[in-house]
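You will see two complexes here that share chain A, one where it goes with chain B and one where it goes with chain C.
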Partner chain A sequence: MRKLIEFQNIVKSFNDSLVLKGINLSIHENEFVTLLGPSGCGKTTLLRILGGFISQNEGHVYFDDIEISNVPPYKREINTVFQRYALFPHMNVFDNVAFGLRIKKQDKNTIEQKVKKMLKLVNLEGYEDRPVTLLSGGQQQRVAIARALVNEPMVLLLDEPLGALDLKLRKEMQIELKKIQQEVGITFIYVTHDQEEALTMSDTIVVMNAGEIQQIGTPTDIYNEPENRFVADFIGESNILEGVMLEDYKVKFDDQVFECIDYGFEDNLEVDIVLRPEDIDIVPIEMGRIKGVIKSSLFKGVHFEVVVETPYREWIIHTTDKVEVDKEVGLHFFPEDIHIMYKMGTY
Partner chain B sequence: MKGYASLVKPYILWMSLFIVVPMLLIVLYAFTEHGNALMAFRFTLDNFMRFFDPVFIKVLFKSLEVAIITTVLCIIIGYPIAYIISNTSERTQTLLILLITLPMWINMLVRTYAWISILSDGGILNSIFEFFGLAPIKMMYTDFAVMLGMVYNFLPFMIISIYTVLAKLDRALIHASHDLGANPIQTFLRIVLPLSMPGVISGITLVFLPAVSTFVIPKFLGGGQYMLIGNLIENQFITVGEWNFGSAISLIMAVIIMGSMILTRKIDRDASDTASVEGGKLW
Partner chain C sequence: MVGLKKHNFTKFFILIGVLSFFYLPILSLMIFSFNDSRSLTSWSGFSLQWYQALFENREMMTAITTTITIALVSTFVATVMGTLAAIGISKSRRLIKELVLSVNNFPILNPEIVTAIGLMLLYSSLNIEKGFMTMLLAHIIFSTPYVILSVLPRLRRLDPDIAEAALDLGATPLQALWKVIVPMITPGIISGALIAFTMSFDDFVISYFVSGNGVKNISILVYTMSKRINPTINALSTILVVIITIVLLVVNLYPYITKKEIKEAE
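Entry: the complex of A and B
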């Protein structure tokens, strides 16, 4: 696929506080890219630079191989669903959604048709004449989505577009958005706090922390092969431990040596290790590689979240079997379940 | 909290003594015959009938004309100034607003006298003209002088009330408009201007009302011949001693002012349709 957008070493600071510390990122045509990271890590700032609302202190933004840093926002083929909606308070729902089409001087019938279709899509049929100020948060958010999407832009920036919706509506809108993105062939740059949303919808996930990209990869990459402790911790639940890579395929933690499938690290390097809760099995004590006592078991709908205490730590384990609290058990996992990562700042 | 309610009582008393009572007196004067003997008043509408004389009607129209031109000029000059101020950095905004409000701290009479010394035949402006070898221009006691004085006096009110609304305008709305392809001019016409109308409306109220009834400015910059409704009323009370007629004119003015206020409110409400801008919170 063709490369559409490229950020080159973007640096941005607001009154002396560094918010983006050299972002390098390429986004391809028709790609669904999700920016994921804790609050304040600079996701919105990056989108605002791409939209043209603020300018970077250093670095370049390319769109179709053309540097666009000096192109004003109204000339960029990008539309945005703003985090705080930014609906026009003096217009009703219809006029808000029709705004972009009217600017492009499309004829009245086309506008009417497109707006109606879009309102139907976001479940707001019949709301045309409502003043936007009287809508609920979730309804306003859907108007904001419709207002951006109706223009069929090449690139759509969505800053937590479903944050105000309830779970059911959110799931529906996720499916709708993904469908539109694939059918119309729009490049989506999507911001969310919801990691499940990120994992299910994205082609590529960009994990950010404190103005730096931690990892770029497919959802499975990010989940199964987190590059560092931060990513492992931020995506899904994990057991993260410290250990020493004795030599290739051999790692030591909790004073025990385990076989693993990772290699290419320096011998005796201190590393971080991830074990996903669903990869660990609870077995009879004599069959376990580690021994411990069950501290608690919590039903989570599909599985139980079990906490097992060993002299070194507490393990989180997901299992579908019911277990007895206070029982001594063994823990078992396979070499391929052990994922070795460089310690942060050493790679 | 309930105990504090009684604290308001002296205030109400004070208000009724010094605001309501004089107003009632004006109404009383307007509807009674000449004579200051309060005990022997007789009801009459003559005072109002007297006003419908071409001479007085002309004065009324002249006043309305001057007030309307003043208001329009204040909008035309004040809007761009307010817009520019609202787009500067926060510190500059505070400074500029301070500068604009500064003259308001000085008594209107003093400010008008200052204009006399600038505009008069031997005044500052004409001295400058003379210095450059230009013929002196007569500026005092002309329409120009009155308009200048009026606009100078009332412009700050217009600027402040438009600025207040523009400064509160959510920048995100302008971003959203640009995002949807509207250039700065389209954004101004479709977003900024309609959303700032409440500021313009309150500016109109703040300028038009005092402008229509002012008597200091026309008196000093327009001269004795320059008769606006405010001067007419002043004359009736102070020079002629026709309190009854003066009161009647005041009441007529009050009705006109109230009418125009209701009108502007209505235009404002129609313009902003059902979506009230005050209700424009985004949560």
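Entry: the complex of A and C
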């Protein structure tokens, strides 16, 4: 796929506080890229730089290999779904969605057709004449999506577009948005701090923290091969422990040596280790590699979340079997379930 | 219970007293503008002769035209300037904003007579001949700050993302201003314009000092006539009261009317 957008070493500060610390990122045509990170890590700021609403202190932004840092927002082939919708309160739903087309002076029939089609797509047929101020949060959000999409931009920026929706509608809209993206065939840059949403929708996930990119990769990469403790912790629940890589394929933690499949680290290097809760099995005590006592078990719908206490730590384990609290058990996992990461700041 | 009722009655009585203190003079003036005779105290019958006299009096009609022309033109200019200034102020940094706002409040808090003398001295020192234009300019100057003050709160409540959304959808900054910002602050602009209009319409102090060459607005005319009591003044004042009342009603009812529109749309 063709490279469409490139951020080169973007640095941005507001009143002396550094918000983006050198972002390098390439985005391709038709890609669904998600910026994922905790609140305040600079996701919206990065989008605003791409939209042209603020300019970076350092670095370059390329669109189709052309530097666009000095192009005003209204000349960029990018549309945005704003975090707080930013609908025009003095207009009804139809006029909001038609705004961009009217600015481009398209003829009346075309506008009417396109707006109707778009409202159908976001499930708001028949709402044309409603004032937007009287819509629910979820409906407003869908108007915002329609208003941006109707312009058929090459790139759509979505800043937490589903934040205000309830779980069910959120799931529906996730599927709907993904479908729209594939059908219309445009690049989506999507911001969220919901890791599950990021995992289900994206082609590529960009994990950010405190103005820096932590990892760029496919959802499976990010989930299975987190590059550091932050990513492992942010993506899904994890058992994250400290250990020492004795030599290739041998790691020591909790005063025990385990076989693993990672190699290429320095011998005796201190590392972080991830064990996903669903990769650990609860087995009879004599069959376990680690022994512990079941402290609690919580039903979570699909699985039980079990906490097992050992002298060193508490393990979180996901299992579909019911277990007895206070029972001594063994924990079992395979070498490939142990994922070794460099400690943050040492790679 | 009885005590409470009595209390309410006292309140009612005081209210009536105060209201009549305010409005009886105006009411009597209006009534006697229809009087048959010259008297301002004894009623001798209904007639429209003073209104007729008013409309036949060239000097008065010129004053009315001058007043209305100046009020309309100064309101228009002050509204456009004040609105643009308010938008500029709302976009500037905090320090500049506070500085400009205190400068803006100065003419409002300043006694009118000081502004009047200041303008008079300015015109004289620049050797500008006093007349219609100087009066118009003065009216624009003293009403613009009120427009700024009434538009600013609207801008402050505006979501900053809204302007960005307009740009994002392809609108140039000017289009964004005209199609999005201005419609959203229209209530503030209208109430600013109405205030500017009333301020200009009944201004005496400043107008008196900055006009000349026989150019008079209604207030100045009434002042120069007040030594020779003449019921045409009553007729004129009645018309003024009616106009100002209508304007004030519109100013005060406007928010309710717009709110009702929104409710009806629902």
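In this text, the second predicted complex is superposed on the first by the 347 of 347 C-alpha atoms of A that agree within 3 Å, B and C clash if a C-alpha of one lies under 4 Å from a C-alpha of the other, contacts with A are read in each partner's own complex, and residues count from 1 in each chain.
Keep in mind that, in the parts below, a residue touches a chain if its C-beta (ideal position, glycine included) is under 8 Å from a C-beta of that chain, and two chains touch if they have at least 3 such contacts.
In this text, all values refer to a predicted model and were calculated from it rather than measured experimentally.
Superposition note: with chain A as the common reference, chain B and chain C are in steric clash. After overlaying the two complexes on the shared chain, residue contacts for A:T80 are found with chain B and with chain C alike. When the shared chain is aligned, no partner comes close enough to touch A:K12: not chain B, not chain C.
Once the two complexes are overlaid on the shared chain, A:G137 sits against chain B while remaining clear of chain C. The interface of chain A with chain B overlaps its interface with chain C at residues 51-53, 72-74, 78-80, 82, 84, 86-90, 99-100, 103-104, 131, 133-134, 147-148, 151. Within the complex formed with chain A, the chain B residues making contact are 170, 172-173, 175-184, 186-187, 190-191, 194-195, 272-277, 279-283. Every residue of chain A that touches chain B in the complex is listed here, in rising order: 51-53, 72-74, 78-80, 82, 84-92, 99-100, 103-104, 131-134, 137, 140, 147-148, 151. Here chain A touches chain C in the complex through residues 51-53, 72-74, 78-80, 82-84, 86-90, 99-100, 103-104, 131, 133-134, 147-148, 151, going by the rule given at the top. Across the complex, chain C meets chain A through its residues 159, 161-162, 164-173, 175, 179-180, 183-184, 262, 265-266.
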